[in-house]
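Two complexes, one shared chain (chain A), two partners (chain B, chain C).
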Partner chain A sequence: MDFGFIFITAITLACIYGTLAIGISITWSSLGLVNMAYGFTFSAAGFGAWYVGRLAQDLPLVADYPLLLGAIVIAAGIVTGALVGVMVCALAFIPIHDKPEFTVRGLIATLAISLIGTQVLLYMFGPRAKPLPTLFGDWKVSFGDIVITADKGGSIMASIVLLTLTLRWMTHSRRGLEIRAMMMNPHAASLVGIGVRRTGFYVMALTGGLAGLASVLLSQTYFVSPFAGLTPLIKGLSVALCGGLGSVQGAVIAAVILGFNEALTASFLGGQYVLITQFLLIIAIILVRPRGIAGILDRAREA
Partner chain B sequence: MTTIWKNPHQVWHAAKANPEAPTPDWTDPTEIWRKKRTSHAKLYKVGRLRYYHKWGGHGAKLWSRLRYWPTRRRVLDIRSEYNPKTQRVEKTIVDKRPIWWMMALMALAVLPMLTPGEVANTLLGAATIFLIYSAINLCWTLVIGTAGIFSLATMAVVGAAAYAAAGTSVFWGWPWWTMPLSGAALGLVMGVIIALPAIRLDGFYYALLTLGLNELCRVYVIQSKTFGSATGGLYGADSFIPQSASQSTQLIIGYYGSFVVLLAALLLFRLVNGRRLGRILRMAPEKREAFAEAAGVDYRKARIHVFIITSIALGAIGGYYASYFRGASPSLFSFDTVLLGLAMLVIGGLGRAEGAVLGTLIVVFFDKVLIDLGALRLVIIGLIMLFVVLFLRRGLFGIKEQFRTWRDKKKSEHRSARAEKGGEMLPEEATETEDKDELYLRRFDKLTRDYLKTLVTDEVIEEHRRSPLGQHSEALERLLIYFRRQPQVDKYAITVIEPFKSYRIVALSGHRGVAPRVVEEKVYTSIHDAYHGVFMRRVQDLLES
Partner chain C sequence: MTVSQEQVARGEPILSVNGLSAGYGPMRVIHDLDLIIHPGERVGIVGLNGHGKSTLFLAIAGLTGWQRGSIKLSGHEVGGTRSQGPGRHTHKVVRRGLALMPQGDEIFHGLTVEEHLDSGAFTPKAWRERATRKEGVLQVFPPLRKLMQTPVGRLSGGERRMVSLGRGLMADASLFLVDEPSLGLAPKIGKSVMEALFAIELGSSAMVIAEQNVALLEGRVDRIIGMHVGKLKGEASASLAQHNRREA
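Take a look at the complex of A and B:
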């Protein structure tokens, strides 16, 4: 058994799942919205990246620098994801965020958006899966018996760099301060003059961008298709759930644990047992800590 | 604008009286009062009153009532009252839902005979699916609405039971009538396993977990060779529908079988929601659990009971499903099935039986009858779902309640906007006043003043200046009568400094032994000037009030 391979796979998966889970986690804790349209954001961002990538292939500058194409595709994915996130916010958060039973209605509204959006994608792009161009060139680095290929190394680098940037923005900027205030106590945040709706747009654009990034990175292994968003949505949800909704550190820890679990199960037991072991693990973790690994144990969000 | 008033006392040659004076036109003093008292609230023609038809009653039959055996519940909630106007007993059916249910079920029972020949197959197939899904959704609405457990694993239970039942039949050759039973047994097992985390997790943590569980089942079934990963499902199970019969007969048998399943699910809903468990859980709605627990209601146990009972029922429906379709397919576990099921629940309204059935009807109609629309039909369902979620609080069956709440809100807004300030008491002041006559006195006073203000014109002032005493025109007379009627406190009076030479205006204190206070320093040289000075002050006060 190649432990180096398992390790690298686990770290790659952990990075991508972490990106997804942090998005879900931030949305839940600042807006109180369970964003079920995250899968739709994911696949829409994939298509956006694919479309822009196809257009950009013909540019003369891109032919000279192949890495530029990767950067353009990643940027296109992030921008499309952010746009879709803003759209979801305008449809499912703005009209009902101050109405009774918002959590249930928000969940169902985002589900409806994902139902409609998936059909629209299917109509526009057809059911066939689309491949993205290679993003990170073709290279290989080896440390002893650990071999890092271009796509894995690039994914790890890109997600770590962008996640660090995002978290730094969250801790060091005015908008990030607003978002963190909303995460701690939305009611008090609105009392001190933080606009709930405006912050909603920031949060959804940010998390949509993260979904777009994860989409572009994951499409190195999977392809872009209208229904591709479901599995990442469920993985992201379970990682966020396991790490504790609303906690970034928890999401990172859970992503690492589940990434290792997935890589180990896939190589020792076989691919079809991945979900089973994953859910057994999640149920075990959640039975011990009902609000996730780093979740706050009292009622974190009442409003 | 002005008319000339002629002094009627002129014939007796009243000394110093005005023989005639210009005066404003007569206006009706009751006009303001009438305008004020007409309602400005907009009346809506729809649903303005709660209208109940009154059935005739008979005094002797007052106590003979139709009841369910062996309970003492009545079939219809009938209120009988004595109408003192007609001196008769009247009966009012308070809750007409049982009547609608009976009519709907009778329509469902005769549907196969009414379907036109060319579309009979499509329609009967869709109707059968509608019946099965209604039964599933009734159980689901018990879990989400009654028990308040936001579980999305309903289809997982149904699908697992369907696979298990199909497996017993395909591999071991068990007959069709054991399939609901084996399905129910698996439902019990699944229910217990799924209910375990429900004890510790709340709300959305549980929803997300169960969604994952559903996905787990789907992936497992798709990849498993025993459950037909190659053939797209596990088929070949025994069925209650004889294969030798013609296609229409098979459809009709399937339809009535599913109808029986729906009736059983309705009965289960009634037994769980309408009796002890439902009562307990209605005592402990979301955010009031702590109170219910303090009051000694063990709502957790009740929730788990409902969940397990429902899981058994869902398992039985799954077994029936496998027996109806002669097998099971992985589409049972797909995300779209969960989504459409949730759409069915939400469109009708969570937590009520009629909502679950109507929502299923709408979604199945779009999904199975309008197949020609292609992918558009899912978009339509999604749009309906989005509309219902964004605008309706409790689904289609909550529209009436929501409309009434909205109308009451508008009414009260209107009422508070109508209360004008100035003279009238504000609502909070009015409730605290002991003497309610005071309210009406103030109101009357306000309206009187409103009218009198219209009478103050230059002509009237000029008339008063010319002769403060004696007979006046009606306008001036009304003003003077109002001024004279004012209470003693701060009433203007004239004090004589030197008789026939100098006068001054003072205000009475209104209390015995307390001297009047001087209002102004001005000294009037004649009593007539002083009278007019007092009049002008009062007019000013009136216009300022």
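Take a look at the complex of A and C:
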């Protein structure tokens, strides 16, 4: 059994799921919205990246530098994701966020956007899966047994760098403070002059961008298709739950655990058992720690 | 210090509430209430639990279930009739110069004390001056200086109260509404918190303190207003209140 391969696969999956889970986690804790349209954001961003990539690959400069094309495709995915996030916010958060039963209504509204949006993608681009161009060139690094291929190494690097930047921005800027304040206490946030609606747009653009990033990175392994977002949505949600909704560190740890679980299960038992072992693991963790992994990490008392 | 007639004549009131009613769902807590607060004033509102002190403050911030009636903050109308959407316009009222220090502290439990104070200076103007403002708050509440990097969720009740009040003081506000600053604290700590509030230089801003315990306010504020079943009842300048008490 090739443990080097399992290890690298696990880390790659952990990076991608972590990115998704952090997006879901931030949306839930700051806006109180379970964003069921996250899967749609994911596939729409994939199509955005594919479309821009197809337009850009014939440009003179881009044809010479494959890495430039990669950067353009990643940027296109992130921007499309952010735009879709803003759209979801305008349709499913702004009109109903202060009405009764918002949590359920928000869930249903985002689910509706997801269903309609997926059909629109199907209508526009057809059911055939589309490949994205190779983003990170063609190279290989090996450390002893462990061989890092370009697609995996690039995915790991890109998600770690962009996530670190995002988290730094969240701890060091005024906007970041705004979002974190909303995550911890929306009522108090309005008392210091934070407008819920405006913050909603920032949050949804940020998390949409993260979904776009994850989408572009994951399509180095899978293809872009209208229904591509469903599995990542389920996995992102379960990682976010397992890590404890609202906790970024928890989501990262849960993503690593579930990434290893997926890589190990896929190579020892077979890919069809991945969801089974994953949910068994999540149930076990939630039984022991009902608040998820964050329950262990949290040093501060609530309320 | 009392407000002289010429002060009243010179500036328009910071807060002028007219015919305010407010409540939650079918329950009406505030009944047709009028209140005027002038620049430089420190006013105490005294009343029993459940008679509407907190609701009055929340209504000024637009946080009650519903409300109607005029609320003018520095001349700008921030009230009006509203039947839903509590908190939707609160940030605009805050930008107009309101700082509400709520009952029960409403802290951000995961932020450090320093970040917490920064969050109080969220409005753009205050944000640019946040370093000097923080220094000012630390002078009012010196114990916070050592705790700047501690998460607020780990502080004691008294320290949390200081953080919560300090966050309000960080704002670029013309009206400070302080809801029961001594509630739930040991008497000695509660008293020192009150002393800190009395020591703050108001300048052209004003401060309204809601309190159940008249003794804590007596002689330290310009006016004391009683509140009973959602209405303001009786008003006394602080010196008069103290005088009556001595007679009795």
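By definition in this document, the second predicted complex is superposed on the first by the 294 of 303 C-alpha atoms of A that agree within 3 Å, B and C clash if a C-alpha of one lies under 4 Å from a C-alpha of the other, contacts with A are read in each partner's own complex, and residues count from 1 in each chain.
Following the convention adopted for this analysis, a contact is a pair of C-beta atoms (placed from the backbone, for glycine too) under 8 Å apart; a residue touches a chain by one contact, two chains touch by 3 or more.
None of the values given here were measured: they were computed from a predicted structure.
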Which of chain B and chain C A:Gln57 touches, first, second, both or neither: neither
Which of chain B and chain C A:Lys99 touches, first, second, both or neither: both
Contacts of A:Met184 with chain B and chain C, given as first, second, both or neither: second
Partner contacting more residues of chain A (chain B vs chain C): B
Contacts of A:Arg174 with chain B and chain C, given as first, second, both or neither: second
Partner chain in contact with A:Gly195 - chain B first, chain C second, else both or neither: second
Partner chain in contact with A:Leu237 - chain B first, chain C second, else both or neither: first
Chain B versus chain C as contact partner of A:Gln249, first or second or both or neither: neither
Common ground on chain A, meaning residues reached by chain C in one complex and by chain B in the other: 99
Residues of chain C touching chain A in the complex: 61, 63, 84-88, 90-92, 94-95, 100, 102, 106-111, 115, 118-120, 122-123, 127, 151-154, 167, 171
Residues of chain A touching chain B in the complex: 28, 34, 91, 95-96, 99-101, 103-105, 107-109, 111-116, 119-120, 122-123, 230-231, 234, 237-238, 241, 245, 271-272, 275-276, 279, 282-283, 286-287, 290-292
Touching residues on chain A, where the partner in the complex is chain C: 98-99, 174, 177-178, 180-181, 184-185, 187-197, 298-303
Residues of chain B touching chain A in the complex: 150, 196-197, 200-205, 207-209, 211-213, 215-216, 219-220, 223-224, 335-336, 339, 342-343, 346, 350, 375-376, 378-379, 381-383, 385-386, 389-390, 393
